[in-house]
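Structures for review follow.
Look at the two complexes coming up: chain A is in both, with chain B in one and chain C in the other.
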Partner chain A sequence: MRVRPFTSRGYVGGILVGFGVWAVVAAVAVGIGGRLWAWDSVAQMRNVLALRLEWVMTASVVGAALALAGLAFQALLRNPLAEPYILGVSGGAGLGFILCQLFLSVVLAPLLGFAGALATVVIVYTVAQRRGRIEPYTLLLSGVIINAVYGAAIMLLTALARPEQRGDIAVWMMGNIGAFGPQWPLIVIVGALAAGVAALFALFAKGFNLVAVGEDTAGALGVNVGRLRLVTFVAASLVTGASVALAGPIGFVGLICPHLMRMLLGPDHRRLVPATLFFGATFLVLADFAACLWEGAGNRALPVGVLTAMCGGPFFIYLLRTRWRRMMETR
Partner chain B sequence: MPATVFHRVLLIGFASAALAAGCTDSAPSAPPAGEGKPLRILSLAPNVTEILFAMGLGGQVVGRSTYCTYPPEVQALPAVGDTLQINLQEVIRLQPTLALLITRRDEVPRRLQGLGVRTVSLQSDRMNQLLDSIRTIGRETGHEAAAQVLLGRIQGDLEGVRRSVAGLPRPKVLFAFPMTVGSSRIMVAGRGTFVGDLLDVAGAENAYPETADWPTIGPQQVVALAPEVVVINATGEDAPPDRVDAIRRAWASLTSVPAVANSRVHVLTEAYLTIPGPRVGQAARLLAETIHPELRRAKEGANP
Partner chain C sequence: MAQDDGNPLTAAVPPAGGPYLAVRDIVFAYGRGTPALNGLSMEIGRGRLVTVLGPNGSGKTTLLRVLVGLLAPAAGEVRLAGVRLDQYPRGALARRVAYVPQDTHSALGFTVLETVLMGRSPHTGALGFEASGDWLAAREALRMTGTEPFAERSLDELSGGERQRVVIARALAQAPELILLDEPTAFLDIKHQHAIYGLLRRLVREGNLTVLCVSHDLSLAAAYADDLALLDAGRVVATGRPGDVLRPEVLSPVYDTPIEVRTDEATGRPYLLPRPPA
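Take a look at the complex of A and B:
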């Protein structure tokens, strides 16, 4: 692939293009998804417009947050298959969220979601580390296992919950965009976090690039790998926890988006961070739009988390057969 | 945590489920016991339990489902689970002679028959099925007279409500359960439901046009249906005042919906609204007075 040199003009231009693509897709999803032309009165049209805007913004901030978290995990764990959902980070956030909602308070649930996400990163990272190195197999396996444990814990909670709460848990675990009541405060929080994390990762981009070459090389070139890793993991857990609080655990966005951007733009994280931000947002808006069209055609509504998982599974296998093998061979 | 989808599904299960099963006396034509020797009845549906107690047969009920909680004295009876998950050992311990249930799954009645329990499946998806079920319960327990008394009372109640709304305009009413956490969907009563029949009695046009039982719709469809009155049944988890406030707030943004614009979104916390049992007359009365506020005013004017 031809890779153009990195210039600040190209950088700003790229960000504008990314933003433009997202804005166009979002506008289409709002307009066509809401069938804004087909309403009898302006008042109805305005109501539907507000609903669609809220849901498209939910999809945008959640998609951006999850894609950025995936990018960061892949860079720092030096593993193409790392992703908040697969590593169990989303599951940890979900478990914390459900625990809090069932037994403590609904208001604090996002905080416990974050705690669950962070605890999971610490566990997975500790388990997978051996003599200062991360074993790629062990990393994925510990993700698989912690996901299984969380799955069991959530099932236990479902069994212990009052029957009328079970449906809520089940629906929430599927990953949904948009609630019946307005959720703007949480959307703004997740959006601000995603933007903040994107800015942070943009500053770290060179560090990510060097770590990708090798941790020893990065250390030798003056990157404080320990601190970079700590700050990045906390930031990625924070956005994952917040986005799970907003939309439930939506899987594979963090896997699909960074990889598609890598295929398109190459491995330079200075490009990948903004590209993943905008593409993550665009991708989840598209997924939600597809679910909306499906429902508009007279079908039952699809939870968007189910849709992304159905796209993500095959993509994971594809990566396993290509990137993973290459990575293991070059080791 | 609000919303009670599972509960709803179960209720609806109880209500609509038996549709397929039909009202089948699955006993190998055993003579209806009753004279002299009291029955040992196992009731596996909340509305059936309520009917039994309303007929004065409470003393013969030996077991109940987990969801049977009314009348309050029922809660002293042992619970055996529900038709999805039943504790058969407990059933055996209770030695019931008659099991009454509402379910679409025939393995439960088959299993109970296997234990030698005479089992009767009922249905109460629609108003007329409820009335039939009361007749069946009367026949199966040998208390047909008590069943007739209860039927007469219910039909009288319903007739009273029908008369009071005769001649009044019939607004488009959407009957909904509150939304689930994190989901934009609500479950609404279609025309083919017991609640749909209640709306008809209470002098309303169901805003949901199709016969589907309990469709799940989103706010966009609510805007399109443009109901003039919305009745939300917030029970159990949804009944506390802060939840009711949250439900009202969630609806407030749909300003183009006539019900919202005219402050005709009513949150009712009475659980009996959706229970096809002896209190249907009461439910129809409450719905009628909610949908036609002039009825309540007239009543207050009559006895100040």
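Take a look at the complex of A and C:
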């Protein structure tokens, strides 16, 4: 792929294209998705479309948040397979969220979700670090193990919960959009966080590129690597925790979206940050739309987390056979 | 600019005069181990090619990392153009000093041109937009290092020698005054070793750059460098012209092995005789 100059004009153009693609897909998903339910009156139509809009916006903000978090983890951990779900960050957020919802206060649940996500990043990072370097295998393995521990803890909580709460926990853990009541305030919060984190990462993008090449190189080119890493991990944990509070732990969005954008645009994070923001939003809207069509065809509702995991698993294997190999050989 | 901080050294060394790079009594230790740098002092004039020599673990790489601002010395001070190193903002220092580290892999498949353009990072704005000047600098750096033919190739497809030249090109694109290189000729065959040193020599002569380079190859260093500095246990034990440093009575105790030195009649520069110790 030929490298083209990175200019402000191309940047604005790219953002407009990304926004346009998302807007068209979202409009189609609201309109056609809504048409699957027959309506008799204008009032009914308004209700159906309002509900579809809420779901599509949920999918958009959650998709954008998870895709950005995945991109940041891949850049800073220098690992093409890093992703909030695989690293256990989503699981940590889920555990904190359920714990709070069952035993403490429902209002504070997103906060504890964020705390769980951040704690997991710290644990995984510490375990995988040796003499200042992140070992790629250990990183993924510690993600696997911490996910297993969280899985057990969530099963324990489910067993301790009242029977009528168990169904809710199970449905939520599948990664669901719109399974629970109206959530506009939370949608707005997650959306604002995702937009803020995207802006932050756009400013960090130069640094992401340099850290991907090497931490000493980044430091010598004027990047404050320690601060970049700290702020990025906190920001990525924040959006992951918030999106888990909204839609449960949806996996592999943070893996699929950044890598598809890399295949399209190359490895430059200055281009990848805005691209991943819009594509993450678009991707999860599409996945939710597919689940909606499935339901419209007369089947039972399909949790969107199931769908993304079914796409993401094979994609993970593909990356393992291609990117991972190349990375280990050139190391 | 030098600030009057009451330090007599500041008054004594005006920014314009004095050595370009002055290192005084710096101490640095990783963790609580023995100091990697233990009262190291040296001076480097502008437009010189200086090679730092020394046994394994003598503090060569640590010295470079201090000079580029990656490590802060526990004691002593470094002055660049008369100003203390820790007074430079990160970006300002990166516009003056470039660093070519030893391991030069790229995990995410950047091309050669993209890699070299990263050298422009301290010169671009927050979002990293590139002006035509940035591309000119990158193209010029590719040309000077002879890496233009593979500008569009991915960095991890290149051989060790090619990759080393690309990383030097990135340092050149940075438009620095001083380039620090950590063993740029390690893992390279003799032809590429000469190519790298020849390039450094040319950069000093034509580009008015100052180059500080760490090496294990004493003969090669003596053949190209203006000055040598010999490190042992975190100090400079000898410094000066190659003929002054490459002497058996200086080298043998530092390397703890008998060393014989000859002089190349054609150039007058010293070289080591590769003779197995008796």
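Here, the second predicted complex is superposed on the first by the 326 of 331 C-alpha atoms of A that agree within 3 Å, B and C clash if a C-alpha of one lies under 4 Å from a C-alpha of the other, contacts with A are read in each partner's own complex, and residues count from 1 in each chain.
Just so we're on the same page, a residue touches a chain if its C-beta (ideal position, glycine included) is under 8 Å from a C-beta of that chain, and two chains touch if they have at least 3 such contacts.
Remember, predicted model here, so these are calculated numbers, not experimental data.
> Clash or fit: how do chain B and chain C relate after the overlay on chain A?
fit
> Could you say whether A:Arg130 touches chain B, chain C, both of them, or neither, answering first, second, both or neither?
So A:Arg130 meets neither chain B nor chain C here.
> Contacts for A:Trp55 in the overlay, against chain B (first) and chain C (second): which applies, first, second, both or neither?
Only chain B is touched by A:Trp55; chain C is not.
> Treating the CA centre of chain A as the corner point, state the angle out to chain B and chain C, nearest 10°.
Computed from the C-alpha centres, it is 160 degrees.
> With the two complexes superposed on chain A, say which partner A:Thr7 touches: chain B (first), chain C (second), both, or neither.
second
> Could you state the shortest Cα distance, in Å, between chain B and chain C after the structures are superposed?
38 Å.
> Could you tell me which stretches of chain A are touched by chain B in one complex and by chain C in the other?
Correct list for chain A: none, the interfaces share no residue.
> Using the touch rule from the top, collect the residues of chain C that touch chain A in their complex.
65, 68-70, 90-91, 93-95, 97-99, 101, 103-111, 113-115, 117-119, 121-122, 124, 126-130, 132, 135, 152, 156, 174
> So in the complex, which bits of chain A are touching chain C?
For chain A paired with chain C, touching residues are 1-3, 5-8, 11, 78, 80, 202-203, 205-206, 209-210, 212-214, 216-217, 219-224, 262, 266-268, 270, 326-327, 329-331.
> Can you tell me which positions in chain B touch chain A when the two form their complex?
Listed in rising order, the residues of chain B that touch chain A are 1-10, 66-67, 179-186, 216, 218-220, 223-224, 226, 236-237, 246-247, 249-250, 253-257, 261.
> Please output the residues of chain A touching chain B within their complex, sorted ascending.
34, 39, 41, 43-48, 50-51, 55, 101-102, 106, 162-168, 170-172, 176, 178-182, 247-248, 295, 300-301
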